[in-house]
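The following blocks contain the structures, represented as structure tokens.
The two complexes that follow have subunit A in common; it is paired with subunit B in the first and with subunit C in the second.
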Partner chain A sequence: MRHALRVIGAEAFKQHRRIFGGPLVVFSMLIWPVLQLATTYYTMLPLLETPGIGQRWPVAAEPVRLLAFLAAGAFAYMFYFSLVQSAWHFSFERISGTMELLFLSPASRFALVLANGTGALVQNTWLAGCFAVAAASASGSLHVAHPGMYAVAALALVIPAVVWGTFLNSLLLFSRDSAFLYTLLDDPLWFVAGVRLPLFAMPFAIKAIGLAFPLTSSLAVLRGALLDAESLSGVAGPLGLLGILCLLLVAGTAALLRIGEARAQRTGSMQLY
Partner chain B sequence: MVTAWATLKRNWLVMQRAYPWSYFIGTLGPGVFTIVVALLSYRAIGGGRVSAWFGASSGTSDYLGYVTVGAAALMFTTRMVLWVAKAQITEQREGTLVSQLLTPAMRLPYLLGVAAQAFITSILELCCLLGTALLLGVRLPTPDPVSLAAGILVAFVAVFGLSIPLSAIMIAAGEAHITQNTLFCVVGLLCGFTFPAVLLPAPLTFLGELLPATAAMRVLRAATLHAAPIHQVIGDLSSCLALGCLYAAIGLLVLPHAERRAITRGASA
Partner chain C sequence: MTSAIATYDLCKTYPVVERPWWKPGKPLRAAPAVDGLSLRIPAGQVTGLLGLNGAGKTTTIRMLATLLRPTSGRATVDDLDLVKDAREVRRRINMIAGGERMVYARLTARENLWYFGQLYDVPKAQLKARIAELLALVGLEHATDQRVERYSKGMRQRLSIARGLINRPAYLLLDEPTLGLDAPIARDLRAVVAELARDGVGVLLTSHYLAEVEQLCADIFVIAAGRLVARGTPAELTALAERRHTVEVTLAAPVDDVDHAVGTLAMRTGAQLTTGVDDELRPRYTLRHSADLAGELATTIVTAGGAITRLEVTPPTLEDAVIALADAAPEPSVVGS
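After this line comes the complex of A and B, so read on.
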């Protein structure tokens, strides 16, 4: 445990020196999401004042609630996307030749990928996190059953995101092409996870695909707990699914790390890019 | 003219040998998903209808057609910017910017050559997007051919004009990722691609009018959704042309300074 904590500390320090205060964080984690959120909101606005909207989608009855719904989606998506971005940066370790050194060191592999994801998550999202808390409390759009649900929502967002990040990082032991992550997990991810569209609007097949991504359930918990004043039993379904997905992803990460390292030892591919 | 033709031929050859698939998917994706989200929300949220005020602020009650034309125009914009504005920083990354500066070739024909190749490619890619929209069940009315051709031409001038100052910023800053994506987000919000720009707060609507893509978008919409004859869109056509040429002129004036800066900083882009 102490060993793992040292790895995590070192990685966190590295991520801090690498990311903190860089313009990429401000733009990709605050300015772009806010601009895209505004675009999504205005694009949906013409559909709200239609007859029967109250029965189809109660959220859309008031523009503020719709904005809160979409903002929660954008915020959760940003958490997950920051880890996609961090996994993309993890592949730069290949280019600078430090990936091989990491795996020559006695550091626990799991702690390494976990720390890499967590460190990047903290450095990337603190700014948007502060912004979101300020915006949510100023707009008064939060409806929470009891204070404990804040903790539930936060944990349901952070823990699966970190697990997701470790999984993505371990995936990159195999591939030298990290651009596929960017392309594959940007637009399709927000689409299937219901970031900009309520799940009931989607065809069954897309909903089923969406449930395989932890973002979908994280988002369901976040919106349920913070916007719809659901109690713990109200979000038990998505929470249970999140637990199962996290276990699967952790198991997958452990397996991928073993196979990936054995393969790298055989092929010497860790310094290729 | 020789320069433009030579650049066009070179870029065409490069594109044939190494087509940038990831950019293609990366620009087709947002377009397709914008249309799909509009389609799904139109059915499930709007119940197949759109608010009464939408017709007054956009000039049409065809929400899906409105969003589809906008998504296509946005894809055209991003794709053209990715080719034209990034032409010089790509030369810099590949180490050929210095040789480009040493040749007696002028900048404008060089950029026109790049843009001509980008235009042909982007139109072909646009057909992929519109084909997908057609498969998804979006139906567009028959456009007025003359105004549509004029609209595409001024859209070309608009995007070409925007790209030149952007190219200057990119080579001066030695950075493309942040600059290009910020531009895409700003243009996507301000220029009325997927919703009428009058919905925005008044200062933002005004800022949108300063970008030539806003007027180009109005021309394209009028031509495709209303089959408007060309004399109805002449005002927007000329304001778009004027703005596009203004941006291009500013860009060409700034470009030599940006190039000097890029060279003195070294080839570490």
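After this line comes the complex of A and C, so read on.
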């Protein structure tokens, strides 16, 4: 455990030195999401004039609530997408020749992929996190049932995101042809997870696909706890689903690491790129 | 406990063409890269692994580094099984390969070594001193806090060497470590390797610079097509290069008795004789033999009335031996202990 913690610290430091303050992070993790949020908001704003929309979707009754809904979606999406980006970066270690050094060492493979995801999350989202907290406080759009729900919302966002990142790292690390995930987990994820639209407005099939991604349930908890003053029991459903998804993703990560390393040892593909 | 890396009938076959994932099953075709290799790399000694390109040297090293899994056979490091005890084996070994890709370009030298020190769980109290010691060893003290992306190729390779030593490995696997290095840096590296062996580290070295192998290795394994074809000290292996002592003599003018005498000498000693003329049409005799026949040939020619204008002796080299062995049948030819 002590060694695993050292590995996590080292990997997080490496992430910090490699990506902290880079223009890619600033643009893709702050400026681009803010622009997307503005586009979405001003696209949807005219819908507020639709008669009776407030009854079907109460959020749409007030522009501030709609903005808070969309901003929560964009913020949570950014958490998850930062991990897609991190996993994509991590897969470049194969090309740079450093991947086999990681596997040459006695470091826990799980700790490595976990640390890489965690490190990337912190490096990529601290700026937008500060921005979001400041914006939410200033706009007065937060409606929280209990102060403890801040912690519930934060944990429901951070823990599944880290687990998601760990899973993606293990997937992309051993696959040379998974770059399509970068595209697949961008706009399509934005759509199916209910980032822009409430899940109830989606067809059943899209809803089912969306629920397979932890972002969907993280968003439900985040919005419920911070915007709709839901209590713990009110978000128990998505929390339970998040727990199940996290367990599945952890199990999937462990299996992928085991299978991926064994395959690379069998085929010699660790040095191919 | 045996302080050595040992392999027993080690085999590695790469699946060359794999079935697509939706058609699981055995690989369609396979190419053996290492075929029944049994080696012993003891602690405190530099052991060479030689062979031509594609002989299986890198595959062997990568198996010993746990980056590849043997298809069959077994390997142990201090009696620890390479596959079952892989994690403990990784603590005891390290690998340095030629090229400069094995470090992080955006980190400084110090940060790179710190990072790998953490991965190898080097005790915190020792890590700082170890980093300083290694940077001094490879002559990078002046650039410790400079990002590696600003380093020259030689500096990167030196840092890569320092990285390979961060965990004080009991066994060091060196795969062409001086590839692309300037002569003075390569010389310094050889000194480091020799020093490590004196300190008890077991080193396995592959290199295309055979003078380097000859200088460092007490014991050499020669492999071809993944199989062991010879083993011995550099001198023993060089002696295997039959008829590689070449003596070439040029005479001032043709003498019939010399022709006869040299032919008799070749027949008596079993040397390979080639006759010809040089650019000025003067007679030339070339004798190839495992022993140096220069003196005997000169005496024979002079006694027969010939006048020697030029005599050149080329001793056999380790390179001759490796080429000869690689060309020969793949049956193991084990010499020495």
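Heads up, the rule we're going with is that the second predicted complex is superposed on the first by the 270 of 273 C-alpha atoms of A that agree within 3 Å, B and C clash if a C-alpha of one lies under 4 Å from a C-alpha of the other, contacts with A are read in each partner's own complex, and residues count from 1 in each chain.
Convention: a contact is a pair of C-beta atoms (placed from the backbone, for glycine too) under 8 Å apart; a residue touches a chain by one contact, two chains touch by 3 or more.
Note that the coordinates shown come from a computational prediction; the quantities given were computed from them, not determined experimentally.
Judged by the touch definition given at the top, the superposed model places A:L104 against subunit C, while subunit B stays out of reach.
Residue by residue along subunit A, subunit B and subunit C are tallied for touches, and B comes out ahead.
With both structures placed on the common chain, the touch criterion links A:L48 to subunit B but leaves subunit C unconnected.
In the superposed pair of complexes, A:S233 makes contact with neither subunit B nor subunit C. Once the two complexes are laid over each other on the shared chain, residue contacts for A:R18 go to subunit C alone; subunit B is not touched. In the superposition on chain A, A:W57 contacts subunit B only, with no contact to subunit C.
By the document's definition of touching, of the two partners only subunit C reaches A:A10; subunit B does not.
Remark: subunit A residues 23-24, 27-28, 31-32, 35-36, 38-39, 42-53, 56-57, 60, 179-180, 182-183, 186-188, 190-191, 196-198, 200-203 touch subunit B in the complex.
Of all the residues in subunit A, the ones that touch subunit C in their complex are 3, 6-7, 9-10, 13-14, 17-18, 96-98, 100-107, 262, 264-268, 270-271.
Listing the residues of subunit C that touch subunit A in their complex gives 14-15, 18, 59, 62, 65-69, 87-88, 90-91, 94-95, 99, 101-107, 111, 114-116, 118-121, 163.
Chain contact summary for the complex, subunit B toward subunit A: residues 22, 25-26, 29-30, 33-34, 36-38, 40-47, 49-54, 58, 63, 67, 177-178, 181-182, 185-186, 188-189, 194-195, 199-200.
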